[in-house]
Amino acid sequence: MGGCSSQSCHRCFFEYETERMIVVKSKVVGSVFRLIQFLILFYVIGYVCVVQKSYQETDSVISSVTTKVKGTGFTNTSDLGGRVWDVADYNIPPQGESSFFVLTNMIVTPNQTQSTCPELPNQSTICMSDSDCLEGSNDVRGNGIQTGLCMNYSETVKTCEVLSWCPLEIDINLPERNILPDVNSSYLKQCEFNRKTDPDCPIFRLKDMVSEAEEDFQTMATRGGVLGIMIDWNCDLDWPEHYCGPKYSFRRLDNKIPENNVAPGYNFRFAKYYKTTDGRETRTLIKAYGIRFDVIVFGTAGKFNMVPTIVNVGAALTFLSLVSSVKWSHLQNTHYL
Amino acid sequence: MGGCSSQSCHRCFFEYETERMIVVKSKVVGSVFRLIQFLILFYVIGYVCVVQKSYQETDSVISSVTTKVKGTGFTNTSDLGGRVWDVADYNIPPQGESSFFVLTNMIVTPNQTQSTCPELPNQSTICMSDSDCLEGSNDVRGNGIQTGLCMNYSETVKTCEVLSWCPLEIDINLPERNILPDVNSSYLKQCEFNRKTDPDCPIFRLKDMVSEAEEDFQTMATRGGVLGIMIDWNCDLDWPEHYCGPKYSFRRLDNKIPENNVAPGYNFRFAKYYKTTDGRETRTLIKAYGIRFDVIVFGTAGKFNMVPTIVNVGAALTFLSLVSSVKWSHLQNTHYL
Amino acid sequence: MGGCSSQSCHRCFFEYETERMIVVKSKVVGSVFRLIQFLILFYVIGYVCVVQKSYQETDSVISSVTTKVKGTGFTNTSDLGGRVWDVADYNIPPQGESSFFVLTNMIVTPNQTQSTCPELPNQSTICMSDSDCLEGSNDVRGNGIQTGLCMNYSETVKTCEVLSWCPLEIDINLPERNILPDVNSSYLKQCEFNRKTDPDCPIFRLKDMVSEAEEDFQTMATRGGVLGIMIDWNCDLDWPEHYCGPKYSFRRLDNKIPENNVAPGYNFRFAKYYKTTDGRETRTLIKAYGIRFDVIVFGTAGKFNMVPTIVNVGAALTFLSLVSSVKWSHLQNTHYL
């Protein structure tokens, strides 16, 4: 900055260079110039500050979620008889970090033991004689290890025998349980979430959550599914903490279109293990269909910070100075040189 | 830049425009100018580089956590007798992704079966005769489906009978179990976390974690709660990897103020299912109170990158050039025009 | 900007200041100037726009994952006999949010009851007489509460008796189960993941996942471990959605080096609880070794946005203007002053 020799360095330190300016008096040039200045100013104030809040330093949310499910259900099926379901029955596993599962449909296979039985009939298990079955073979689509025998599955079909938990589960006919969605998450002593009247209440009815996601409860309960409880927690910490609250929304997360989906719905298998009086292990296998609720918390908090402010204003000022120095240099050349 | 016609484009490409400058020799003007230059320089070096490290590109941490709990506890209660608790008993579910639960208090309701029994007495279940009870009614606050009968709950109170897992759980009197927090997560062969002497050891005593969060273990154990194990993993990758380690801190995550909380503490229900010799299902219902430990990993790693450096230095330089061109133009006008 | 008094403010508003310029005609100066201009231009276009995509506003991914495991396994061990394992047996807990566990090895301790038995022998439990054992003592390395008696553990060793779930688990000899990794996650009716031929298929063989992580399945199955299924979901939303897909990779997440690790591998304990015909509780304790699969989704989506574009171009332009005004001022001084 400025040519200054070492001898005159003290004087040079207090020297200040500036440029000679020429003032252009033209209404057209002036108008366009002011318009561009106004546009940049508008961009800085309107877009950068108000819309994007780029003067803020942001940080993303770190969250921990606890959930609780309340209520009882009743089913009357041929295999189980009349049965009441409470939270210890339908909430599997009993507690999760930010996710809970509500059992809404099931296929029960009681009194399974480790023994042998004929496989479920399909293209590769149907047999005519023992020679069609390979001892020790373990088909990935099958339910166990083949013993090499060909047994009667029904009066008309013979299939290869397997060593497995027998009797095998038959999950072709999924019951259409007509459960009333009385399973809910509210004591009703407290508030209850409602998009219009009570948008801040963290107590939800299962039915409401499913319909907020624009899904049909009965359909989703039969085949199962995954429902996201999205908690949007965006905060502007330049305002009082008071204004910083969560917003709830609901969305189905699994792919319900049967065409491009391997296994529509949501289900998993678990078993309850028992011991018979003679010490042998037996189990009840349950293929559980239900709705998994994933609580997903996201959001950013912003607070005024020097660095992003200077960076954004600086960048806008660069364009502002560009207008005066670069864009107009041609005009200037034409007029004055 | 510069007026150059197409004929003389080659020559014009090697032309360089510059401005004539005027040197202001004034100690006052020079001092103020140098002061502002110094302030901007100080902002760039002191704040942007040292404090905010804005010359770095950052990325957030992606983590996976495994946890293990060790130790045994002993309780002597009227309903269970003397009983030893090991990890398979008090850690429910046996493994989780980044969260584990330690059972510290419980209400056990053994030998429940699907049958009928009178409801727990409250305003809506107390009845005088069968006509007060509605068959098939399923109160969300209740424990099952009403059968329409009015039964003796005790010698003095009659309540509506329900179909449910009977006998019902009575969770009014929460035991004040005097557990010694010997349940711990250390073999003691290894290091043990201590804020002062051993801040990098990943083996913690339950008691220490709770007291680090400034909570009372005995109180928290009785009603349950959620404790965050916060792992702050901020790394400056411009330094050797060696310096990049986690920092542990502990914080209670659930709201312990009873006034604005639906259900203080942390608890959930689960059941162990048995089969009697005649094949009927019975279960032991457990309302489990305990401390859920959520391991929360956060942090950012930063490394020098061209883009943020140029953006930040560029923005500061804009202000620097602004000082010389805009702010001083009035002074200049006064002195020289 | 510009000296304008309040009287002439209207006129002044349409005034435009500009600077007089001097054109330097020197091939050397011009070449260097153009080269620097080119470098800055190259930085803006090549690095900022193409490599770093700094003209985009970014947001990180929010994800929810469902997993399903399929297939059966067979083991033949001395303590359990021949046994078939299906998904309800080896997948513990039956469902998790973004993580699942496949049991690959185990130590079974059947028919435990709450009773007393001699401790496992080690330095602090071996005793000569009852006086070596302290009644009520609860060693953190031990399995229960000492009763104060010294009992025969084997014919040669005496240890202090403890109240615990007896018989105690002896986990010194870990079985080397020769499981065939036929446990897989594919129906084989569908696609199957292959790095080369099918990189987008979300159906994986356990064996393939482990070998993609460059680990040996047999070793990992014996001692257990944690395997990350990393899903990288980076999207450029300025392109059609079509191009926005996940990329899979696999990585072992636990520390397998025995030297700096407290407990290599991954295992946890759980128990199955039974009731004997006389109503006493008994359990089968299982120390489960296996592979925990953590599905970790990460990535950022970027879309063109005004603010980062202006900030980055602005910063580059500042440097561009710097080249013309600061760096060359000395040259100018030499030539013209």
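A, B and C are the chain letters, set down in written order, and residue numbers restart from 1 in every chain.
Just so we're on the same page, contacts are C-beta pairs under 8 Å (C-beta built on N, C-alpha and C of every residue); 3 or more make two chains touch, one makes a residue touch a chain.
No experiment lies behind these values; they were computed from the predicted model shown.
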item	value
Copies chain A and chain B - rotation angle from C-alpha fit, nearest 5 degrees	120
Homomeric contact chain A-chain C: same or different residue positions, threshold half	different
Whole-Å gap separating chain A and chain C, where each centre is the average of the chain's CA atoms	18
Interface hub residues of chain C, defined as touching at least two other chains	2, 17, 19-21, 60, 93, 96-97, 274, 277, 311-312, 314-315, 317-318, 321, 329
Residue numbers on chain C that touch chain A, as the complex places them	2, 11, 13-21, 60, 62, 64, 66, 68, 70-74, 82-84, 86-89, 91, 93-97, 180, 182, 184, 186-190, 203, 272, 274, 277, 282, 306-307, 310-315, 317-318, 321, 326, 329-330, 333-334, 337
Touch list for chain B against partner chain A, complex	1-3, 17, 19-27, 29-31, 33-34, 43, 47-48, 52, 54, 60, 92-93, 96-99, 101, 114, 138, 140-145, 162-165, 226, 228, 253-254, 262-263, 266, 268-271, 273-275, 277, 283, 285, 288, 292, 294, 296, 298, 311-312, 314-319, 321-322, 324-325, 328-329, 332, 336
